[in-house]
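Lettered A, B, C, D, E, F, G and H in written order, each chain numbered from 1.
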Amino acid sequence: MQLTVYLAGQIHDDWRKEVEAKSEEKGLSLTFVGPQTNHDRSDNIGEDILGKQPGNFYKDDAASAINNLRTQVLMKKSDIVIALFGDKYKQWNTAMDASTAITLNIPTIIVRPESHIHPLKELSNKANVTVETIDQAIDVIGYIFE
Amino acid sequence: MQLTVYLAGQIHDDWRKEVEAKSEEKGLSLTFVGPQTNHDRSDNIGEDILGKQPGNFYKDDAASAINNLRTQVLMKKSDIVIALFGDKYKQWNTAMDASTAITLNIPTIIVRPESHIHPLKELSNKANVTVETIDQAIDVIGYIFE
Amino acid sequence: MQLTVYLAGQIHDDWRKEVEAKSEEKGLSLTFVGPQTNHDRSDNIGEDILGKQPGNFYKDDAASAINNLRTQVLMKKSDIVIALFGDKYKQWNTAMDASTAITLNIPTIIVRPESHIHPLKELSNKANVTVETIDQAIDVIGYIFE
Amino acid sequence: MQLTVYLAGQIHDDWRKEVEAKSEEKGLSLTFVGPQTNHDRSDNIGEDILGKQPGNFYKDDAASAINNLRTQVLMKKSDIVIALFGDKYKQWNTAMDASTAITLNIPTIIVRPESHIHPLKELSNKANVTVETIDQAIDVIGYIFE
Amino acid sequence: MQLTVYLAGQIHDDWRKEVEAKSEEKGLSLTFVGPQTNHDRSDNIGEDILGKQPGNFYKDDAASAINNLRTQVLMKKSDIVIALFGDKYKQWNTAMDASTAITLNIPTIIVRPESHIHPLKELSNKANVTVETIDQAIDVIGYIFE
Amino acid sequence: MQLTVYLAGQIHDDWRKEVEAKSEEKGLSLTFVGPQTNHDRSDNIGEDILGKQPGNFYKDDAASAINNLRTQVLMKKSDIVIALFGDKYKQWNTAMDASTAITLNIPTIIVRPESHIHPLKELSNKANVTVETIDQAIDVIGYIFE
Amino acid sequence: MQLTVYLAGQIHDDWRKEVEAKSEEKGLSLTFVGPQTNHDRSDNIGEDILGKQPGNFYKDDAASAINNLRTQVLMKKSDIVIALFGDKYKQWNTAMDASTAITLNIPTIIVRPESHIHPLKELSNKANVTVETIDQAIDVIGYIFE
Amino acid sequence: MQLTVYLAGQIHDDWRKEVEAKSEEKGLSLTFVGPQTNHDRSDNIGEDILGKQPGNFYKDDAASAINNLRTQVLMKKSDIVIALFGDKYKQWNTAMDASTAITLNIPTIIVRPESHIHPLKELSNKANVTVETIDQAIDVIGYIFE
């Protein structure tokens, strides 16, 4: 059995590589998909494709449409979503992706530091499982294969 | 025609009363529902009903289950969701509620200050309409009745 | 039994008033809803609410978001859609609304002149009933009450 | 990852071949499906299979049923829809296919010339992304594979 | 509590009046809807509204579109479907309506004579309840109100 | 706002009357529905309507079809489900009803004694809220009206 | 592209073999599934597995449950349904299967003799395409591959 | 054709191995999935991954979240569910899983001893097929391949 996992969350550090490395170590048959992790490319994709926009609002609007199409295509192909909330950043996209996945009945694991327990309590309650580390998230998925 | 509007967003100031007052001024036939706006009651509802929990994590978990049940009952009765993001707070619940509403095909209006254009760009793109003030949100709903 | 009918189609003449008058004549218990029929208001609603936009593309984009929200709210409350294609105009909105209604399993009646038989053949085939005059559309709805 | 793309739109020129050539150039793993592009075959398919019909209306009705079955089978197998509106023709089928795809939650890219911005504004607003050239549409899909 | 019941089945005798009379006798709060029971009107409705068609096939096709629209509108408003199979006639419409209702998750009661046990066994197995008389069907609905 | 509550669970004591009395005391606008609480009537309803069956298996099968139709009609009209597990009886029906409600996205409250924590842990985890007493369940619903 | 086709309809002659032979001749990539075509096996499958039942009604009920499970598993794996109505037999199962497929949005082709035009008119109108011969049904599917 | 079967039910004996052995004997192309059958691992999985919890209630809550995620991932990949109720244990999980599968339109076979006919009658009535032995369940699945 091969499972596809969408990795929602911040694109500011290498956590996706860590997930992939640890899952490979454990020999799990997983395919990983996720958002564009090159931050500049993600912010500029609207202008990269559609050309110069008349201001930041319009540049953002153009980029977000294309990022959303990407996410929609990939999430529909996923069996599980891992949504990681880091210590920094607003990360509303992560909350949005997790909530979409849960509403679409895609099993969802939230990873968040202890400091975020309170502000994320309602989302955690709706998710299937909430953990604090990437290792724990991999353990949850590994358990499916036992 | 009577429409029901769920008011998602922060519970730290009186914005819901402002929405209600302005909509009444305009003579719109609207019923408003929303989360528990007494902050302490919202945070303590788990222990208020289920009794003392063994620590903050468990207190939060108990409260969030009851808050989520409330939101689910009320959102299913709503024709429109207004989701307001203020200048402060993480407001992951607002992102979660807006995303749930959009995925459930409930028309959704986002209200956010100019400073949030960038971090909210993907969510704005998925919402029906994004505006900057409560007056504008009321105008959008008023337009349905024209 | 009271039925709600969404009247999709051009906003350039008085056909909606004709529908309402004829249905009243026949004593049918119908409530009619539909798009904004003041053409200027419909085109300008984005700038009316959100303020001046940087060019026509952006003006149109702002208006369409609000028009789409209006349509979504009203179509979800409708039991039947009548979609009228006149002799003039591209009327892609009419095709879009009819197709949305059919996909959402809302019974749909298309009214179109004989000259449009060929270009509308696939849409007609997906709709429940296709007729050539408003009188015929009213007759179809009247038949439900017999 | 292999994605299937339905190419909705006019069948009067070679734009589908252009899409396929450019996507192959970029090395994207895409399978393309779409309507019957032999115009005569598409118009006559009803009589080709069911025999002579009593007039043009009935000939069109027979053809459209079979064309719609084809589209329904192929669209259900697609991950993305590209809907191209050219300068000419009414293209109500394109509007119908785009609207069906959007309602069914299939990510949709609209390609349309600048001259169509205004009449297509509501449909563009509902689609995921709107661009002006085939190259841009391919770029959007290419971005998913980055 | 008021329930709406769609009465699917043959239109050749007065069984619907019997259902209504018996339910009134028992004081059940039921609203009944169903197909056009004037057989000629049902067969001719296509030509009555659309005018003369070029042959029986086309006359039937026109009538059936309008009859199906009627059924779709009314069945969507129903809480329960009673589908009666009499001794005579093919009654494929009854099988079609019962199967549609079951697939749409509308609780369905089949009434059929003992002689039809064998040919209707798969449909009976999918329906909620199968009985032999109208009195029994009314008893089943009466039980909901106890 | 008026809410309808389905009371799933054992039919061996008066707990439903307790729920109704307590909710009335609190002035909550609730309508209660639920299964047939006359145990003999519930077990015999198949034979009461369809006549003598050839053994207990067939008697049970006939009764259950009618009980399931009743539950399906009433649950579709409910905004909330309360599922009570008592100390005695297997109560597979209660587990079935709760699981159906949760899968259909109807907000669900489980009431169960402390002794059932372990065997009900997976169902509790899927429900919105789990409490130990009827008073607590009423408090949860009362909170929606605050 | 490989398509799976469910062949609904009578099990009294060899029409399924004819479909398979003709589709192979044309080189179409089709997998065929369908009901148990050994009539005795189909009628007896309940008693074959569950043992002797107390009369014909119960024998039929046991068989139909297993036949329905088979159909449900196979139809969920199908891209297209062909439903053939022959000259003889009541064939309510064929009407039931076609109606289920249409309601589940599976493209459906009806094959029926000219003599059945009138009694099947409503079902034909809901199906995608209606033809009179097996050759025509194969032609319709062949057209998808052109 | 390869089918995937989820084996819901008690994890206290070797019945799953019996199912697999018998299905292999018959040469059926089946893949089996199911819950964690190591009872201790299943009960402790919450603490194994998340660490020590403050009491049994919390230990159970943590384990059930992970067990439910596992079930949700695997059931979504299944074509058929077999739910076995043994003589002992409350087995509310089995009732929950069967009810979820039925509500999600996954064909479901219940295996239960004669002694459970009465308490399981409503669930049996909703399932596709109910049998008394594992051999019979395998026979039902084997019949799909005939």
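Everything that follows uses one rule, which is that a residue touches a chain if its C-beta (ideal position, glycine included) is under 8 Å from a C-beta of that chain, and two chains touch if they have at least 3 such contacts.
Chain labels with UniProt names: A, B, C, D, E, F, G, H = YtoQ family protein.
Note that the structure is predicted; figures quoted are calculated from it, not measured.
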Shared interface partners, meaning chains that touch subunit B (YtoQ family protein) and subunit E (YtoQ family protein):
C, F
Counting C-beta pairs in contact, does E-G beat E-F or the other way around?
E-G
Type of subunit F (YtoQ family protein):subunit H (YtoQ family protein) copy interface by residue overlap (half), same or different
same
Length of the line joining the C-alpha centres of subunit F (YtoQ family protein) and subunit G (YtoQ family protein), rounded to whole Å
39
Using mean CA coordinates as chain centres, what's the subunit B (YtoQ family protein)-subunit C (YtoQ family protein) distance in Å?
31
Note the residues in subunit A (YtoQ family protein) that touch 2 or more other chains, in rising order.
65, 68
What pairs of chains are touching here?
A-B, A-C, A-D, A-H, B-C, B-F, B-H, C-D, C-E, D-E, D-G, E-F, E-G, F-G, F-H, G-H
How about subunit C (YtoQ family protein): which of its residues touch subunit A (YtoQ family protein) in the complex?
54-55, 58
Spell out the part of subunit H (YtoQ family protein) that touches subunit A (YtoQ family protein) in their complex, as residue ranges.
31, 33, 36, 38, 41, 45, 48-50, 65-66, 68-70, 72-74, 76-77
For the complex, which residues does subunit C (YtoQ family protein) have touching subunit D (YtoQ family protein)?
56-57, 60-61, 63-65, 67-68, 71, 89-93, 95-100, 102-104, 117-126
Subunit H (YtoQ family protein) residues within the subunit G (YtoQ family protein) interface of the complex:
1, 3, 79-80, 105, 107, 109, 128-129, 131-132, 136, 139-140, 143-144, 146
